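In what follows, structures are represented as structure tokens.
First chain A sits with chain B, and in the next complex the same chain sits with chain C.
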Partner chain A sequence: MAGKSGRSINNVPESSIKRMIFSWEGILILIFIAVNIFCAMFSEFYNVSSLLRQMPVYLAEVFLMLPMAYILVLGEIDISVGSIVCLSATVCCIVCNMNAPFIVVVLTGLLVGTACGAVNGFILTKFTELPPMIVTLATQIIFRGIAEITLGSGGSITMSNLDGFNAIGGKVGQVPYILFLVVILAVVFAIILGKSTFGRRVYAIGTNRLTAYYSGVHVQKIRMIIYTVMGTVSGLCAIFLLSSSFGANTTTGNGFEMDAIAMAVFGGISSTGGKGNIAGGVIAAFIIVCLRVGLGQQNVHAQVILLIIGVLLIAAVALPNIIGQVRRAVKTK
Partner chain B sequence: MSEYVLELKGITKIFPGVKALNNVQFQLKPGEVHALMGENGAGKSTFIKVITGVHKAEEGEMFLNGQKVDFKGPKDAQAAGIAAVYQHPTSYPHLTVAENIFMGHEIIKHKMIQWKAMNTEANKLLAQLDADFDATAEMGTLSVAQQQMVEIAKAMSTNAKIIILDEPTAALTRSESEKLYTLVDKLKEEGVSIIFISHRFEDMYRLASRVTVFRDSQYIGTYDVNEITNADLIKAMVGREIKDLFPKPEVKLGQEMLRVENLSRLGYFKDISFHIKAGEILGLTGLVGAGRTEVVEAVCGITRPDSGKVYLEGKEIHIKQPSDAMEKGIILLPEDRQKEGLIMSWGLGRNVTLPTISKYAKTGLNDEKTERDLAKKLLEEVDTKAVDIFQPASSLSGGNQQKVVVAKALSQEMKVVIMDEPTKGVDVGAKAEIYAIMGDLAKKGYAIILISSEMPEILGMADRIVVMCNGRKTGELGREEASQERILELAMEKSGGKEASE
Partner chain C sequence: MNKKVISALLCGAMVLGAATPVLAEGAGDGQKIALVGKSAGNAFFEIAAASFKETVEAEGGKVEVVYPETATADAQIKVLDNLISQDFDAICIAANDVNALQAKLTEAMDAGIKVSSFDSAPNKDSRQVFVNQAGTVAVGQALMDAVLDIAGGEGQFAILSATSQAANQNAWINAMKKIMEEDDKYSKMELVEVAYGDDEPQKSTDQTAALLQNYPDLKVICAPTTVGIAAAAKYLQDNESACKLTGLGLPSEMLEYTGDDDAHSCPYFYLWDMQGLGKLSAYTTMSLVKGDITGALDESFTAGDLGDFTITEADDGGTEIVLGEPLQFTPENIEEYAELY
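On to the complex of A and B.
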């Protein structure tokens, strides 16, 4: 071919250890340790077993962070997931109260979530000009509306048969089932995003959609899959939520989408797309979970905890910026 | 003492790690058009930014009408009567032409913008430039050429005495370029001095009286345009002789690869038919906006044609999206490298393997080792000037970016490669290399469709030339019968083609 100059191009990657230490995930691990030390000093009840005991309530939301990370990497957003959780939980309760077998209840929850996600995906891939923020805002209202209509005038529903939900709320030793599931799903989502061709294409779409399209990436198919999975996982979240609340009401799942987004962004997943990974999101999620458990033990008001998480989030977003500025300042000196 | 309106001496500009300009000089006579030439990365843009006060040089002096000046920022340069018009107009697409012209120096009375006065004033400027649009038109609705005119009007509105045109013809069609030439002549008559940056020799011969050449951040020389030969100028720019700019190989044509029959898309093109054989280079030309890109986009599934048939190796194919086309062996290397061709923030390797990642991923997981080896091999094959495969695509010059785009096409077995303006914004040295790659591909039996507005390129590389005008095919010329005049005649044909664009 034309390459007559014999120029050699290096293709040996530099060792990943150095990169890992200076990465955002490295910093997050330090914050995670710091938060745990802080919680242990702040609350005398804070230890591994109390953490494991009180964790499950907050873990259901960590599920949502996983597919949300994909959506953010696409450079998009889904703010309808809280409503999907509400609708799934409501329908689950109704089916459960009809004395359906537990497996049917679970499948119903997943199915409702999947259907809602597919609706989002369908609208967004058929009308590609529409901004995801607006579309999912609309479906947020619609899904919650349907849930509220279903709930009727009382606005809440309690389950009569708790056996199945008690069972999935169980533990192996001290470790709750849900923690296993979170870890397993996190690993699966991390591998797919970080190592698979699907993941590479997600990053490609998030960084430059046109180039991805011209390069033969099935942009719309991938978006459809991700939004649908987001719905399925919302259904899963609803089921585990029920295993601790045993009922649904009009406020079920309120603000979950924002918590999921917060975890992901705190974890270094850029909301403009193309950047970040699941590992960061998971560490960030556990920082928030630990903080909630620790502060909750000393009866710190839920609103104050929200405030602290908000401040952390801004700090997390601003920090890379500040670091960049300092670096530039040092370089030009 | 002030033989020159602008004189720069011993300018050195250092960026962290690189000397972007090394002791360069430049003199601009009053009322002259002075071309500034050099390969990409030679330091032209940095030099312009020094003149306009965007960058501050570490060393050197600048004289304006014999007076030493020291610009603190772009405002100072503007106040001194220096204005720059860039290749891609940096305008506000949703504002009107008048608002764009007077952005930053609006006509104000009692703290209120005087719209009427501004529009009148803007129209006056536009009339001077023979513009065919009104000051109240929205900027975004104008063509690139018209937007450039607005930029020039903006420069004039600040009473600029020195106007710098940075690759003004790069995005223009031939007739638009002609218009720009007349415009520059007019400005010259009004006593404005012009610095003109361009990769097109045509521009330089047509406009400039003198030319200054930079190479590798250094000043090479200033020449009278009438006295320097093309070959000498290229040698000055590239630092070596380019013997054959268009290395068109003699290739024995194989069987027919692609046949397009009566392809139509309402509002874009109508009844387009052509065919191409293995080893053939088919030139597709016409003025910008003639529908060339639209035709190949329809062939590759980026848009859907309303009617017409596409055959590959004699069999009819139905392509719905780019991935279908690629599976069948047709790939489009799009015109806009930065927006459509590459992911600029990604490493070169990942860019190269993006279309084919699933081929090496046996289990769905990426085989990074194979990818790296393949990327290295392909990038070396097209002779990319890169250090490693991990450096971002944005770190390469335009010509080398184009090579990466070509490498992308080579990562799989292709039959038809469609190159849309492959040498746009590419310097002459890299151009020759891209032509060489093109020739090699043809030799290997690829069928190549070359879309280009550059006449020498089409004439130099194509076996056959299809000319389009207003969405219609107006003619087809063999390599022997083709000439610049014949092509232009067909490209500007007034009759026909109206329907398609209605």
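On to the complex of A and C.
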């Protein structure tokens, strides 16, 4: 029995320390430490302050991983989030350039995201036979299409009033605000998924939807809530993205959905549903962030960085499988 | 045992990472300059980058050429973040977006890093000076005259550009539109569409096919991008289209498509001296670091054997240094240049 933790490498309950090390999260922590030692060894510029300075651009994507984890635990997928980010950012820029107060700009961004997420949720809960991959592929194209039409022929928009976005891009000492927010949101998402009835129901749906339904779980209501929250968080991601790029264009948010899914899967959240937890996803996200910053500081070719992350991802997904096979082989002997 | 398997795999991944980095040691008293491209794999840019590197190294400096993971401003922001963390004296950038890099480039300048740009300029507040291959109007004029000449004075033409945000392409296209409006001799020319091939060969080919299908009377396609022109040239020639081509391209890639007869798709096209551009950008950037120039209007400096240059006002209100007129490649001279570019 795998339990709700990501991948159980060792099923025998022994001392708790040993169990922790052999849990997927334990291994991720070891990888995290190894990545940091490695980066610090090879880059003379890799240290806490440069890491904190470079982190904000990547952290905006970590937001997306949190609700994406819920969707993956449901056994579903949302590939429209990159486009939602693009549309939210575009509308934010337009509203900002109309000299609206900053709070209005932020609320608009969140509202646009929420609306997009609600559209996904509405379609998926009204037409339950439709596969989420196809529906969100369609809305991915639609949302980005709307954004591109709004952006017009120039294809990009820049904000004229940067005060508000400069403010949220600020820091306490060296620690950027966004890091606090990521941590707070991660804790909230982790508690709801891991400790609440709502979370249990999400795992129940992901493990066996029909059983969950007959047990009285409001499957469609929960799906609707989760897809809508995914949209809201995409809006949040857009707002923090704007605090570093100060503008939107047709490529804003391109590929973010895949980055978010990669972080979650690397963190041990199974894409077939019912397995994984937020802690794993968060550690995995920080491994990827540190790796990108560390390798980037050594001017490693960008494509090589992607290749390394890809290899790491395959290894992460295949590892429990390989170990299982090795163990079986040993046992049969 | 588990731990061993895991650490072995981990080490594998780490070694893979460790094998690739180019470690930049402190270059002693030499300058350390970073050159940021728009995206990897653009032959046209790489000529300028190689020439830039050669020039700086001959002067005792060091150059790191860095490309973003995608041809977007967002990816360039990450690259700039990386560079600011290191100890570069200067950054020379070909920008993927006019405005989006302002915050990061300003941060770099605040950190004491000199910022120059070439090939594609960020806005005037994001740079100290821009090195322009040829004045925007000069390129627009050359392309518009070529279109007029090849079309025979009248008819439909289309533009096949890079991305919709590419700053330099947009500037040339706008210049062409303006020239068309202002002079009566272009009154019989009709620009039917500006298509975007995103500087990808396949997409550029698809866009060319779509243009031909949508506008059967199309006489000329003008592709002010090396990737676009090469893709369109192959498509037009393979399909024996009556539609002809001009624009900005690399002679080596265009060699088999250039000719005056019907068997070739491109009568002639343009490009500037990319080696010269790289070299001038290198001297400009080194002069910024040395403090010989600050990027202000009317300052002048010597760019090695290229001669003396003076900083002038750019179209966007910032400052620039102009290399010269674009070069024309015809069936007569293309073979000679194809060996260079």
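By definition in this document, the second predicted complex is superposed on the first by the 314 of 333 C-alpha atoms of A that agree within 3 Å, B and C clash if a C-alpha of one lies under 4 Å from a C-alpha of the other, contacts with A are read in each partner's own complex, and residues count from 1 in each chain.
Note that a residue touches a chain if its C-beta (ideal position, glycine included) is under 8 Å from a C-beta of that chain, and two chains touch if they have at least 3 such contacts.
Remember, it's a predicted structure, so these values are computed and weren't measured experimentally.
In the superposition on chain A, A:S245 contacts chain C only, with no contact to chain B. Judged by the touch definition given at the top, the superposed model places A:G173 against neither chain B nor chain C.
Touch criterion met: A:I191 reaches chain B, while chain C stays clear of it. Touch criterion met: A:H218 reaches chain B, while chain C stays clear of it. When the two structures are aligned on the shared chain, A:G296 is found in touch with chain C, with no touch to chain B. When both complexes are overlaid on chain A, the residue A:G274 reaches chain B alone and has no touch with chain C.
Using the contact criterion defined above for the overlaid structures, shared-chain residue A:R200 touches chain B, although it does not reach chain C. Touching more residues of chain A than its counterpart among chain B and chain C is C. Common to the chain B and chain C contact sets on chain A are residues 9-10. For chain C in complex with chain A, the touching residues are 2-3, 5-6, 9-10, 13-14, 16-18, 20-24, 40, 64, 66-70, 72-75, 77-79, 81-82, 84-87, 97-100, 102-104, 163-165, 170, 194.
Of all the residues in chain B, the ones that touch chain A in their complex are 16, 302, 321-323, 325-327, 332, 334, 339-346, 349-350, 354-355, 357-358, 361, 364-366, 372-373, 375-376, 379-390, 408, 433, 436-437, 440.
The residues of chain A lying in touch with chain B in their complex are 1-5, 7-13, 191, 195-198, 200-201, 204, 207-208, 210-218, 274, 331-332. Of all residues in chain A, those touching chain C in their complex are 9-10, 21-22, 27, 30-31, 34-35, 38, 42, 45, 50, 53-54, 57-58, 153-156, 158, 162, 241, 244-247, 249-252, 254-255, 291-293, 295-306, 308, 311-312, 315, 319, 322-323, 326.
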